[in-house]
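Before anything else, here is the set of structures, which you'll find just below.
Both complexes shown next keep chain A, but they swap its partner, so chain B is in the first and chain C is in the second.
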Partner chain A sequence: MGKGEVEEQEDVFQAILLADNFGVSIFGSEWADKQNPGGNQFLDDDEDEGGAQNKSKEDELESGFTQESLMHLGNRKLIDYALEALTVSGVQEIYIFCSTGIRGGDALKAHIKDSRWSDLTVKIQVICSEDCQSLGDALRELDAKGMIRNDFIMMATAVITNKGLKPWLEMHRATMKNDKGAVMTLVHRVVPEGHRSRSTNSRTSVVVDASTRKILAYNERVPDKRIKVPLANIKEEMEVYLDTVDSGIAICSSSVLPLFTDNFDFANMVDFIKGILMNEEIMGNTIYVHRLEKGYANKITDFDTYLGISNDIMERWTYPLVPDMPFGSNPDDSIYSMNLNFVYKVTDVVCARNAMIGPNVIIGSKTKVQEGVQIRKSSIGNNCEIGKNVLIEHCQIGNNVKIGDGSKLCKSIVLDGSVIKAASIVGPMIILAEGQTCKIAIEDTFEKSDDEEESDDEDDFKSEDSFAPEPDNQESDTKRFCSEVLESILRAFTDNVDLDNLAVEIHGSRTANFMYFDDVPNAVVKGIIGVPLKLYPDFEQMPPKTQWDKTSEVMVRFKKLMPQYVKTEKAQKTVLQALEEHALDNAYFRPLLMKVLHYYYDIDILSQEMILNWYKTPSAYKGAAELRKMVEKLIEWLETASEESDSEEDDE
Partner chain B sequence: MVYESKVQAVVLAAGRGSRMTQLLGTTVPKCLVPVCGNPLVYYPLKSLEAVGFRGKDILVIIQDRDDVRRALLSIADRLGLSGLDILTVPEDSEDFGTAESIRIALSSKKITRDALLISCDTIADIPFRELFDFHEIKESELTTLFVSPLQIPENVKLPGPKSKIKQERDIVGVKPGTNNLVYMASEADCEEEVKLPVSTLKSCPHTKILTGLVDTHVYLIKNSLLNRLLAATSERNFISFKGEFMPFLIQNHFLPDFSEYTFKFYACIEPKYRCVRVNSIPSFALANKSGDWIKDVFLNGVIPKSKCKIARGSKLWGTTLGEQCVVEEKAKLTNVIAMDGVVIKAGATVEGCILSSHSIIGANSVLKECLVGPKYQIPAEGRFTNEQLSVMEEAYFGD
Partner chain C sequence: MANASKESQYIILLQQLEISLKRGRYVRSHELATRTLRLAEKYVQSDSWKNAEEVMQWLENTADRLTKAAVSESAPSNVLKRLIKTVQEDFMTRKNQGRMHTISRLDSDTKVDYSEELPDLRSDILGAILDLSSELENGAESIAEDAEKHINANEVIMTIGRSRTVEAFLKRAAKINKLEVIIVKCGPFYQGKDLAKSLTKSKIKTTLINDTAAFSMMSRVDKIVIGTHTVLANGGLKAIAGCHQILLTAKYFNVPVLVLAASYKLSPEYPFSAEMKITNRFVSPEELIDYKDGDMIDNVQVYAPVFDYVPPELVSLFIFNMGSHAPSYIHRLLHDTYTQT
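On to the complex of A and B.
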């Protein structure tokens, strides 16, 4: 877009605010499951009970957890922080995108209607969608609606910032004057590793051109050994950032939405950034990054950052977004006053004389705190009753919560209206649902008291998150896609179809079934391994030697196909997982697994590191442990190999 | 000046020029390659002399060859560097690495103080004052010096088969603000991509990577750290100082388990100054074409006349001749760089060529943009354009 156009247009300052994170909750998998209970269903994979799933989902939402953006943070709603930042910066139109459907949307709308936000001249519109699985889907939908006409601010879930956004928009526009292809400026804040408000999962590395801050290379996870920058991209002066985190704020050119529409496999920001960088030479689009060294801009990404940022707020790093400043939703909100040690209280709080409160504590209106209570680094809502000798550390407690005498709460979130019985122990890392009554909740026995029947699956599920498949609502699509790919590969094998044509066919199936690129490796591996099964009806009865010969024949035939799909560590993970699933489903395959792994290691599809990783990550599937035992030899061999290569590495 | 009392200069001049074998063959040692009328090793010695080093403070490490020793002594005479210390490394062994040279010097107690290492192929207007001050202020253990590369004049073309002149870039990573040295590599060592080691970057999570500067191969180094090179021999046999030992040090001094050594490495960055490193044929051509700059910095404005026989009626344009060259009648030389003992027979026309030592250009031959190897004889009436002409000896094609 030329600069002339920008100025000619009625320059409305627009922003997109994402109210949730598309099924990936900042509060961990339990939360996501609660919001999206269908996700668990992958364990019993043969039922087709879409209807039932939907129903249970609605039930859950009704009774269970709230919309994520309406969670408490410093006794305000999360979304209020983002709305404050946007409105203060002079944003004129705010589109809140909510992927939890009508229910989540209604809650949001109600919150905005009841609050000060509706009094402002700012246009705030909540857009609900139930089909959106990803950020990409959301932006494509927004593009179709045609509401965003200008450069805009995109803000992710739960962003807290005290910086004005307008200067960043100006900065991005100045960049666009020099580089017509500039589509986005990411705001990265300097947060050194190990800081409380930096997630341990946040391991991005960015290489930028020092003079323009244009991104030259981007890794969402820092590789273990080396960060690679192609010589062709080298600039005279570059900078490498490992000390920044994505603040969740992106300043976007108006062309961002059409770019998402054109590239329907962009699912999230990482896809977008990588896609743009990869095609920079062809498309001419570029992404910039703003390194924020002063001022606050941070995003809650998980439990730890939630607690960390809540402390940042109480210690006033986010000033003026602090508890005792009047901002946010309700005009009749109680007024907090700050006391020593960052203790914030409303005047009507009743506190026992010997209660030890602070540092970093906020206590809401009409809450009663009994004798002998200790509260540290926590926030407690309105109308709570805290019994005698209760210990609360690193907790976020909602309104109307009753905590019985002698309970201990640590590193947990307790939502509105919960009741915790006397002498309970809660935490760490527990989220108590609204209105729940709880006796004991330590991490391993999460919610046992309430959902006895669910708990088994629940426990299994938790221990293996790294290798559990993503909760997938499109089970049937995936299945159809897998079987189509299998058919294609089978035909390619028997009719000697060219690999290029096969790739085109697989691409076609993927598009037709609305699959992402990440889904392909799984289908391809299962397809290749599954060919002999389809080809020979009595395959499972054949002697192992013949089985291996047949299987390896197929693998060799398609060995050139794999590298196309398995380029990233994530893809390798998918491959390993697919092989594991296949082995668990088919007894014949178990003895072969070691050879298959070895083969894929030899042709550089799987790295030793990923295989070792997989081996070391326990899985809750039945028989998974036995399976790992069967490949022990290979692992031993790999480990010695890895030692050797380590020493080689040193010798460089 | 005061430097010499603290610091000993070590000129590393034992290199063989493995990247310019077509030019040098086995006959010419790298440190004697003529650049603007002087052998290469003259330039670092001149820099040292200019800043006040005396002969006894300078150690030159050379190959064990009489011609090198003689040339070196004559340069020392000219510069008034009496008492220059010379250490020889065996001539017959394979290309002797810089780290190996230094190790020999250390074990024979030739280096006893903190050292200023300087490579013989560096032609640079070294900002000694800035370098030494920086080194002192930072209390550095090892300071490297980065300056701007000498610009390639537009009219310089590379003789031999057509290829673009490209200077190899040095890549250096420093911590912004403090200039701690985080990473060092040269473009030649990277294949398709620069590979930044994550382990060091984690210790310095905000790193500036500079690629527009050139490593002068001038290092100020503490004696204790040099001894580390000796100590490390038991672990690893370092061959190259820059290519192996320095990366080893840099990578390790960020690791926590190396804490017994409190290494402090810095990069002194002075983009106002310029440098060319004569280690390849393009840089050799470049240095010889940059007479104006070299003349101003090193030669008080005069390029020494070499003792050559130039017949009347020959025409020379933009040409540098080495010692003992012979140019016969009616020869026409345009933009030619001739090394020592080149003979150009009558009526030959030579344009934009590099003529290596003791090559003979036949009568009435026409040479354009060629690279003529050592002792190579161009037949009379020969016609060559854009070719590399050298005696087919395996050793010449090592690269």
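On to the complex of A and C.
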């Protein structure tokens, strides 16, 4: 150890550890939403961006909030696994980035101070920021601070690995010798689909050059088993990885941070990877992937992987990161010993003789387990009391928890200090927070699983994909963004600003308001349509003919702007939705809608198919049906047109 | 000044050793023994102690602490406990210097007061540590020196897995006599392969066999020579997994079993003591089953133990660096090496 340090004096081995995933919780948004009526004690980060984040942040301050990285996994804190992996590899400086503000940061700092990590020669620094809404922001901030000077390791908190990181860093450096533009090596572990430790949502596909393992194409989702590879990247021999998961470990060159700074639209890793791939020819940067077949490296991405990986830990796949190895603990901490069936206990645990414990169970110090208890695939913290005939399956239970007789717990997380009354049923998919008792009927499962699917779909597109009203909390950000875009467009119209400059401006507001690319068409359309309203105070009183002239003037002026944003069917859908919303808000616009649609149809922004689709899809808005009636003429025309074109095709 | 820095030195060494133990990041027990000894040396050199009692107390506490850090490793605590005995003896010889005293006095029931400050004790203990460290360094060689006594010409020797002591022993024996070695590969880690490579380089006739083939090959074998992780107080072994079944086979064919062990591997612990200090180590099952096979790993429990317990009746002879002994003689060695507590 000592020797290594001397060698490394000039070349400090640095790592960035992300303490949370910037508002995307591994426990999902459904949980928090579902539990909200019961109070705010429940965890925590919403998957929604922007407004929702702010809201949940307020909640956190009031409630017994647990920083996600301090959640239990096998009676250890999640972050300990990552810290162990980093420190054992000889990392000398660790920057922990925490985006949940001062409170979360303080909890982290306190944890690190209390645990053995503080005695190590490693420099650990916790950086808290409430302003950072994405990985991109975090890295930009770190770049501004200028603390990272070398190639470094970037790791997500919920990463568990038993491999040394140093060889990977050296491998990356060797790659850099051959390819000066190599900026990052991603570590992907082979975990095939259907594996307990692979998220069902994980459908990543990576196309690599077979000889160099350079990434040629990267898709986070493979929708219909189609994989797109840019033509320029087609190589003689390519490999497609569908059976790997991102282990959350990335070995980065020192140029990664400046790249994030230069490209302020890189919000997350996927943006980064895609951005680098897209501009490979211009910037000459490349990304490599390391396919790991042996050794453990995985990342918890959702509750299923959380449970899956907890089983991997108990079954010792992660050795030496297993419960009975006292890594990361204090000298006076209790020591677990392993028994048959992967049951880990401290010697002072009291278990009734007929309690059925195992497989894959860990029980913390001074916990009492009464008669008739069955525990399977779960962890139970220190000083817990488990009443008679309790059934616990797939649960992670914190310290000082009391569970009343005859309760059943399934697929749930119980945080420190909770009390569960006798004969309660908890779960599945429940988080019980500090001191609060909650009893949830099992029937909820069915509803919940439906909900999950729905929300999964929403996540897929990360934007308002349906015509349902947006959640309130997101409104404020979206509104601000829309009004900024409107201002920009208005100024561009009056001052005759170049369209390219306008695009840059819109881009700026998007990043400033943490909007996704998918949110832009909505704002742009509303902006264009809204210009005359702003320009002429008495616009609504003007005769319809003038209104149309003014509107079409703006539309023509910005007709080249639209194709930049409306490239996909989804974007078309958003445009239609935006137009509909505008019409519902502004009575004057309703008669104009048909003409506007026609115009956009003519300049190929909206396809006939999408307009018809929109027309046929009923909307929840009041007055939407009347609105659809007003455009009937256009629809009829479109339908006949389509018939004609069909018949023409037939004739041919 | 120099002493102050020495003090911090041993604290750092202790922390580093404890951390490696806790993390399971070390290669061999020899490495652990050497590091423990270096730690003890730094402590004895420091100003942190005044008298023998304090040194003994520290050694005992440290032994406990290191055992707690990795229950499956006995080398650090063996080294430290052995030093306790050395300190006791050094103290008595210094104290009784000039006076005529017999060893029988030592064993008498009178309680000895170790708190007396003796000026020359430090150099005595350091001398003892130096002896022990050269013993550690040359342990494998001094055991190998015995090779010619035990291995005759044209014998067929079987060994299991890879032990560096065995490697040196066989190479030494091959210099004098022609011999043939059968190596049991020893899954799932197959260290046997490395040994085979190394022996063939030294031009020793080597056969590598599967664990399952041990029984059928046993009839051809003249002697079994193995290394061990620990020699327990009852003469049993904590050795690499797979040893037990092969030594049972040897018993069936009445093939003599020689166990090579450096002195630091001798542990004062019994295999089934009340505190259950002799524990196995279970590693990742990835060598036994493919992690990719999701259905399988979800439904099957796979254990990958590193050690086997081998009862003393399966061992014919121990060859230590301080001489060869039968398992039944271990109690005497223990008495000479460790204090009775």
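Rule of thumb we're sticking to: the second predicted complex is superposed on the first by the 408 of 652 C-alpha atoms of A that agree within 3 Å, B and C clash if a C-alpha of one lies under 4 Å from a C-alpha of the other, contacts with A are read in each partner's own complex, and residues count from 1 in each chain.
Just so we're on the same page, contacts are C-beta pairs under 8 Å (C-beta built on N, C-alpha and C of every residue); 3 or more make two chains touch, one makes a residue touch a chain.
Note that this is a predicted model, so its numbers are computed, not measured.
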**OP:** Name the contact category of A:R226: first (chain B only), second (chain C only), both, or neither.
**Re:** first
Original post:
Once the shared chain is lined up, is A:M238 touching chain B (first), chain C (second), both, or neither of them?
Top reply: first
**OP:** Go through the superposed model and pick first if A:P543 touches only chain B, second if only chain C, both, or neither.
**Re:** neither
**OP:** May I ask you to decide whether A:F342 touches chain B, chain C, both, or neither, giving the answer as first, second, both or neither?
**Re:** second
Subject >> Broader residue contact with chain A after superposition on the shared chain, chain B or chain C >> reply: C
Original post:
A:P320 contacts which: chain B (first), chain C (second), both, neither?
Top reply: second
Original post:
Looking at the overlay, does A:G146 come into contact with chain B only (first), chain C only (second), both, or neither?
Top reply: neither
Original post:
Where does A:V190 make contact in the superposed view: on chain B (first), on chain C (second), on both, or on neither?
Top reply: both
Subject >> Footprint overlap on chain A, where chain B in one structure and chain C in the other make contact >> reply: 190, 192, 243
Subject >> Residues of chain C that touch chain A when the two form their complex >> reply: 15-16, 18-20, 22-25, 65, 68-69, 71, 276, 279, 282-286, 291-292, 294-295, 297-298, 301-302, 304
Subject >> In the complex, chain A residues that touch chain C >> reply: 1-2, 84, 88, 116, 119-120, 162, 190-192, 194-196, 198, 243, 294-296, 311, 315-320, 322, 325-327, 329, 331, 335, 337-338, 341-342, 359
Original post:
What residues on chain B touch chain A, complex-wise?
Top reply: 169, 171, 173, 176, 187, 190, 192-199, 201-202, 205-212, 236, 247
**OP:** Could you pull out which chain A residues touch chain B in their complex?
**Re:** 190, 192-193, 205, 207, 210, 222-231, 234-243, 651-652
